[in-house]
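Chain IDs A, B, C and D follow the sequence of writing; residue 1 opens each chain.
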């Protein structure tokens, strides 16, 4: 009884010596998302972290998966010898480096918005670029050279809305009201006065009010492909928490199904990373996990039949780095859960 | 250099030297709202705190306005010699003690829901009981023997919606979507597992999803009096902050006015405790102050004209104790701002 | 490349079918520590969770390691068929159930203080009960039927002090000043007013001031065995965080070694769960990990040579459930890291 | 019913009607301390805020005391027509502007460390500059042209230690251990990665370990004047709260007085801004108030008689802006409490 798992673990280690691991690099490695990516890659059974590029931190090191990794400048990243690159560079700056990585022969998962639907660069050399909402896009991922990884808000909203939009239940011409609240890591790692502890603690605020958030085009473009004929009105809020998004979505429908959860239960049956539950999902349920957790309730006391959908995820995991690894797994032929915390 | 308001304040102080102070008692004095009431009364230039009743804390003392006050049992409260009683007793338990205070001859501001619209006890001896949303109710307050002080969520929602409902701009038959988030003091002082620090910190959750919150009847009943023909769909959330409510309200309208803020600017012109502002209000703007702070924006990119209204208040001040004192001031003929933090 | 780890994982699962897993039960399973224990056992490669007993939660279920577990009453726990029992019952209540589990033939790791040094029940049937500060006690663990798992504060303080106490460097007769700060989960799961979010947030306080903390006897008793002739003055504080302890320890010494870290580097060389580092350890470094992280600095500008030692740990992991599993691993002959998050 | 203090307060108000208000300016007005100063001055019955200078914010406005104030550049501040200037400029940058204000004829309270004991500029034109620990320095304040306002940590530590140091009770040659923890506003308003919400929340850390904090010279210099012959070993910590400092101070003594609190009760009898209490002071007790709250307990179970002193204050109030106004009141002949929140 004693040594069982240990023997097994040694076997795994021996085995790992024999098999080829995929050489993976991370651009923009020192931000919140970049660090999460490095940590996931470093612990991934099929991946090897060959570089972590972060210009401002170059020469400094950080610990990922029990190993010290020294940041290099992007210019010095060995793109030629990398099979897969994750780019967590800022929006606008990422496209150029994605191009360089592609030219060097690497496949790319881009976590910026540069290639997402609703943005200028959604095709490359005439070919449209897959949008990596894994559960809804996985058919095209194995052949993809470049995948646009969805934003954190879009992932929560689109995974939550997809079953309803596809079902024909959404009232034509209606407005879907999305109120979402995000932890501060969603705003990135660059210090700004409004992200300091003393400004965020004990506060709560809406921003981009009136449907003006920069990720709205991404939500609307992909939602249009999913079906229905509804408008989306999106109001984001900043929460005094480090990580997590909760979206509270109000959907006018033509009728409420007998089991209000049935659209989600049917669409996501067997999905390891979408949890459909009876109780309202909370941030605590999802942080540090690569899942979207969804519930839905029919509204009482209103004449227009309406479903309130709740969706929670960790903005750095299923909303960024976790889904990026999930997409990479699909691209590389690994099981989607490989290297991802359940 | 000596300004008008200063002279006014000094006149008020001189006046206070001459007049009899009003004897005021607080029932349910040891909870969050009760303590806030005691603090306000103790510092009020026209009021004297003659008792603070709290059965479980009786014999213990607390410091209000620089003075130690010993809690008494409700049974021992000198109702007979009290001119005005605030009851911060729990819903259900308050009605009986309001009756006793009234029999003893005291006027009462009841902070429970027992006498609010949409609840059973909205009339007493055949007379309807005023609902103390001060800005909208002040005409009937001077003669009132008993005033039902609004709940925290209802205050935020109704002050925010009143100008639109009265304007005729709300789309008939539409659903108004209210997403509100409250700090934990809104849930009261009684220890419960879900209110412990380790459960609340770094979390965010919706509750009473599907339009089932117990204060919804209060909101709907009073909203119906304000005008319009819309339904309300209310989803409350629990925030990891101590105090403050932010309501994000989506209202389908027949048209958006040229100045989207004009309904609020017109309705609340000159009101010291309603702030109509261009930027989104935040909790930081309102905590420890007796104000509702409101903004509104027309939604872009939706076919149905829609206004997003934001309203913030401190749930213990304008949402409870502050408004209760504001109502008491109106009942007693004092200036409404007397004793209230701007 | 594709299926390597997967094959390996399947091999492990097959293997696990063949090997006997140790049947493990948890008493007091619904508190913070109990839940952490259940989660660790459920994911442990050599253990199987055969019961989770929690009287007040009996019949309810919780999810551990991807599996729903229903709490049973302690009376209904199948102690007879359990090889190892963790008791996370409250101090005072645990001893009785530890006795029952022992009578039923199970080996026990007791997380209460009932059998710790400095408490009445430190021997059983004349045999002294090992104190499971694993790094310092592991010699006696393989043969132990019952191990007293250290408290969270004692673990931080004793692991930090042991190398100095054993070195002879501590000034004889001196007072060692220990200021420690703990997150609120250290105070347990039972709701109390002072642990509510609105009381803890934005606050910080000392308690048990003047050397009166109930775990002080445990610290002093074991410290005396480690060597030296110093007194300990311990002042605990409550932090507005969910988990984590930081101890700041001031030790008058006869001389400061050339490398101030050398006592710790030597004592803990090769230890997987003690990290000796140059920079001050923080809570962020240790939460959700089964480690004590230690640093030390010689004080400048004081006549008496003095070393400031800093030690951080997660009170629920290395300070409770993690160390309990580490002890159980040592008792059962498993590698100490089995089932524990690095 | 009309109490003494009330009459006093009204007399003060009447007095204010007759007198000229003092023209006051604030340099460095946009940081945490500068804003707190502007708010205090704006509400002060004897002061008028004639400028608020903040180079980076010039042209922007903020609301203080119910009035919008527009920030000017320091160069444009009307120093000539200002009777008293508060400088909240950064350490190093303040000295020059203090010089300019003095040349223009203004009296100055400098909140930087530039003129504090232990720093280079502690005398001006041969005259030593008073250190404005008001309770201990007020004799020299009325005639002072320039007062160095103490740092937040030094205020807590020195107000707490003064009675013991003066009493002769401190053990000669002993080391006094000061462990202090501060909220993040103590680190200033400039955005830095380590002050972002996601870095500070759920964390706690020591810094400047080993007696290397830049304010230590200030503490030691002034402590030496207070008496005794002890060394001080100071270890600061960063708390996940916005404001407040708690210092836990361990003092070896020759004997413990019968009433351990007697040194503080005697020294601070009648002081409005020092509270000597039996229970451990907490941040909650002091935030937004201009007080130091102190308790002390004799340590049990140690051979060397030792007193544990606890002191709490709001780092922006009694630790900065509040004490600055208290000093200005003493300089200008106003009652010390004028304009300060009790």
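Operating definition for what follows: a contact is a pair of C-beta atoms (placed from the backbone, for glycine too) under 8 Å apart; a residue touches a chain by one contact, two chains touch by 3 or more.
None of these values were measured; they are calculated from a predicted model.
Engineer: Rounded to the nearest 5 degrees, what is the angle of the rotation relating the C-alpha atoms of chain B to those of chain D?
Structural biologist: 180
Engineer: At the interface of chain A with chain C, does the proportion of residue numbers present on both copies reach over half, so same, or stay under half, so different?
Structural biologist: same
Engineer: Just grab the chain with the largest centre-to-centre distance to chain D, centres being mean Cα coordinates.
Structural biologist: Chain A.
Engineer: Tell me which has more C-beta contacts between its two chains, C-D or B-C.
Structural biologist: C-D
Engineer: Provide the C-alpha centroid distance between chain A and chain C, rounded to the nearest whole angstrom.
Structural biologist: The computed centroid separation for chain A versus chain C comes out at 36 Å.
Engineer: Report the inter-centroid distance (CA atoms only) between chain C and chain D in whole Å.
Structural biologist: Using C-alpha averages as centres, the distance is 41 Å.
Engineer: So, what's the distance in Å between the C-alpha centres of chain C and chain B?
Structural biologist: 47
Engineer: Which residue numbers or ranges of chain B touch two or more of the other chains?
Structural biologist: 199, 201-202, 240-243
Engineer: Which residues, counting only chain B, touch chain A once they are in their complex?
Structural biologist: My answer: residues 173-175, 177, 179, 181, 199, 201-207, 209-212, 216, 220, 231-233, 235, 237, 239-244, 246, 248, 250, 252, 280-284, 287, 295, 297-304, 306, 308, 310.
Engineer: Under the definition above, what is the set of chain C residues touching chain B in their complex?
Structural biologist: Its residues touching chain B are 32, 183-185, 189, 191-193, 195-202, 240-243.
Engineer: For chain B, which residues are in contact with chain D within the complex?
Structural biologist: Contacts found on chain B: 1-2, 5, 9-10, 13-14, 17, 21, 48, 66, 201-202, 342.
Engineer: Going by the contact rule set out above, which residues of chain A touch chain C in the complex?
Structural biologist: Residues 1-2, 4-8, 11-12, 15-16, 19-22, 45-46, 66, 201-202, 332-335, 338, 342.
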